[in-house]
Amino acid sequence: MGYLKKVNYNMTAYLTRREQFNAAHKLWVKDWTDEKNKEVFGKCANKNWHGHNYTLFVTVKGQPHPQTGFVMDAKKLSQLIQKEITSKLDHANLNLDVDFIPKDLQPTTENLVILIWKQLEPLISDCQLHSIKLHETDNIYAEFFGEF
Amino acid sequence: MGYLKKVNYNMTAYLTRREQFNAAHKLWVKDWTDEKNKEVFGKCANKNWHGHNYTLFVTVKGQPHPQTGFVMDAKKLSQLIQKEITSKLDHANLNLDVDFIPKDLQPTTENLVILIWKQLEPLISDCQLHSIKLHETDNIYAEFFGEF
Amino acid sequence: MGYLKKVNYNMTAYLTRREQFNAAHKLWVKDWTDEKNKEVFGKCANKNWHGHNYTLFVTVKGQPHPQTGFVMDAKKLSQLIQKEITSKLDHANLNLDVDFIPKDLQPTTENLVILIWKQLEPLISDCQLHSIKLHETDNIYAEFFGEF
Amino acid sequence: MGYLKKVNYNMTAYLTRREQFNAAHKLWVKDWTDEKNKEVFGKCANKNWHGHNYTLFVTVKGQPHPQTGFVMDAKKLSQLIQKEITSKLDHANLNLDVDFIPKDLQPTTENLVILIWKQLEPLISDCQLHSIKLHETDNIYAEFFGEF
Amino acid sequence: MGYLKKVNYNMTAYLTRREQFNAAHKLWVKDWTDEKNKEVFGKCANKNWHGHNYTLFVTVKGQPHPQTGFVMDAKKLSQLIQKEITSKLDHANLNLDVDFIPKDLQPTTENLVILIWKQLEPLISDCQLHSIKLHETDNIYAEFFGEF
Amino acid sequence: MGYLKKVNYNMTAYLTRREQFNAAHKLWVKDWTDEKNKEVFGKCANKNWHGHNYTLFVTVKGQPHPQTGFVMDAKKLSQLIQKEITSKLDHANLNLDVDFIPKDLQPTTENLVILIWKQLEPLISDCQLHSIKLHETDNIYAEFFGEF
């Protein structure tokens, strides 16, 4: 028992859970002309939408519990992400369908990681949210670490 | 020179080129009610669309050329796929935007591999088209080998 | 309508669904000495078991349905695999816990693909089971195509 | 020679080596009833064990050596990890077989990264251990950066 | 015992082993001018070489052994591939260093799969070599199934 | 509009772009004997070179732009990396062909990430370069965060 304390006491580990969702979106500023939208956003401004298989990584940090060895129960983390995030984003249109994405904000990966952080951060107790990472393709991903 | 012939003569190798595109789609039968569409297609029937990062594998077969060692120049195969297929599908809406996808056909992976075969097969000479494979997600892919 | 028939009629496409499970096993012939088991199976004969993240690919073939575009509904295929296979294999001991794995048969990937085929093949109608592929690690996988 | 010093002097780079092992484990608190173990750990509490293909990433940091360009010889790092860690964990039972895993500590990924750090950290000289990352599945991984 | 026979008798399973090697090569026909080499092979004709991380998949087929459950011992298959193939190709120059690659043959993936087949096929007994697959990049791979 | 400011104001997100190149290199110190080179660098000292498929990750950080949602236009980041880095490294010999790699510096992944940082850092404005990560194989990668 003394040993367990020695092993875990004051040691901070990080736990990451991966989830996935498939969604449609486009990048489009209403106040701009079609030409300016095409110029800035290229193919991403296609009016008929395009889409991605998004891969989301949520990382929490804290001290592993002496008995369970969990920073946080990975299954409960998964359920939380599914309830609050991926059930709303999966097979959705990110410009139109999601309550926590403002209609006048571009659904870029950079904005999405900030918005997902804002949804999850207040709901995580006992340990701390450390980062949100979101892959839009194999070539592009964004991260947010709560830096204001 | 006799050796080269011995090495390659009458030997059939297969060459595969991978390409990628990101697109939106939905599964929806016009003649059905909303309820029936939801019942059959589930979340894939979301009226506001959803999307995927598609990964396409095109395989050709033939005898490696004695001098170049190519069944087909992989760069030319890539250019052909980009010109005929991915330039039309990338950042597109598969239900609305693509000339070679009939409007009354569901853009499922199964139908897409058949339609892509039909586009590419007549354009490949010197060697033969062997298969079209298309990943819609990490969990689902379809293949077509030209079986009529 | 004539078009739809032309597109799909008599064309055979293949649809693959990936599922995953994590399991323990060991390779051990009861009739052999410990030495012979170690000699033949190496570290795989560890009496205290070891385990793997298995990745399973189930491929069916058939003609895409004219209205749905499905060879088989991928969600129903997933549910079938989960009910019959992965719910029994996930977080299980492949030597001890699984009703359809004979106790005197080594749970090698080669034997597992045959056993999984036998479970699924009678349950697939409208289309045909084509292959079972099972990855034990990134370096080793087995396949079965129903060849007797 | 002055150039080399300018290039490398006081610059800290990070080098990561990936290794893999396959192991069995279960999550189980001896002092709890079977019911409580099932309630807390779910399928991970299966008495007959389950297992995973673990992927381990060990990161060291330091200044690249002016002549070799190495923060640390990656082959020697690999040999160290294999000698001290993966030769003990591969094809092992993490609850029963490993000298550096206390018997009364859950072999969760969070606890494992801390234990692996403790094994390796005293053995790395010339450069510094920066982090241990361990994937249990594609969906779950833990990290430890030596934070006490 | 009768059961074992029923399970395995006359059933053909396929076993695949993955191996990797890193090598340099260039594509260059001696009888051609520099201009023609550049025109046909593009960047692959760089006189100073370029290189790849190659991933090799060797597939054998046969009936799982009634006692071991092996089509072939995957460890022995790995040792064979390492002895005959990857120990010769790893960290080698494919145009200059490898005894079984003719000097006047382009080291394309298509030619390499045929040459690797020729090395391994005579050395596999008890079961049969089914295919050689070689990835040159994530985007290009070749296969050979022994078709003459 | 006030909302947009609240969402983005003073929030730092990270954007990563992946690019790839294939190159040859060897590790070799001119002042050493062949024996010492072999002893220190092993197979990496093969005089006839070897090569890799390198995967490069460039990460920038900054505040997403209120209208575009971009920390930096990922397409422009890609074009910058291709112009300054991968067009020079792809299908090149890292010891001989690249203007920004000093001839007397080993082209290890550790040195390469520092050299790539030095090329890109002065060219990124509006946001900041955060890190360079370079995979030489699936098993080895290096990172540089600008730490002097």
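Each chain gets a letter, A, B, C, D, E and F, in the order it is written, and its residues are counted from 1.
Keep in mind that, in the parts below, a contact is a pair of C-beta atoms (placed from the backbone, for glycine too) under 8 Å apart; a residue touches a chain by one contact, two chains touch by 3 or more.
Small disclaimer: the values here were computed from a predicted structure and weren't measured.
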Co-neighbours of chain F and chain E - touch as defined: none
Minimum number of chain-to-chain contact steps, chain B to chain C: 1
Label of the chain whose CA centroid is most distant from the centroid of chain C: F
Chain centre separation in whole Å, for chain E relative to chain A (CA means): 41
Inter-chain centre distance, chain C versus chain D - centres from mean C-alpha coordinates, in Å: 31
Separation of chain C from chain E, taking each centre as the mean of its C-alpha atoms, in whole Å: 26
Contacts with 2+ other chains: residues of chain D: 138
Each pair of chains that touches, named by its two labels: A-B, A-D, A-F, B-C, B-E, C-D, C-E, D-F, E-F
Complex contacts: residues of chain E adjacent to chain F: 20, 22-25, 43-44, 46, 48-53, 90-93, 96-97, 137-138
Chain E residues touching chain C - in the complex, by the definition given at the top: 1, 3-4, 7-8, 10-19, 64, 67-71, 73-75, 78
List of chain E residues in touch with chain B within their complex: 27, 29, 40-42, 102, 104-111, 113-115, 138-145, 147-148
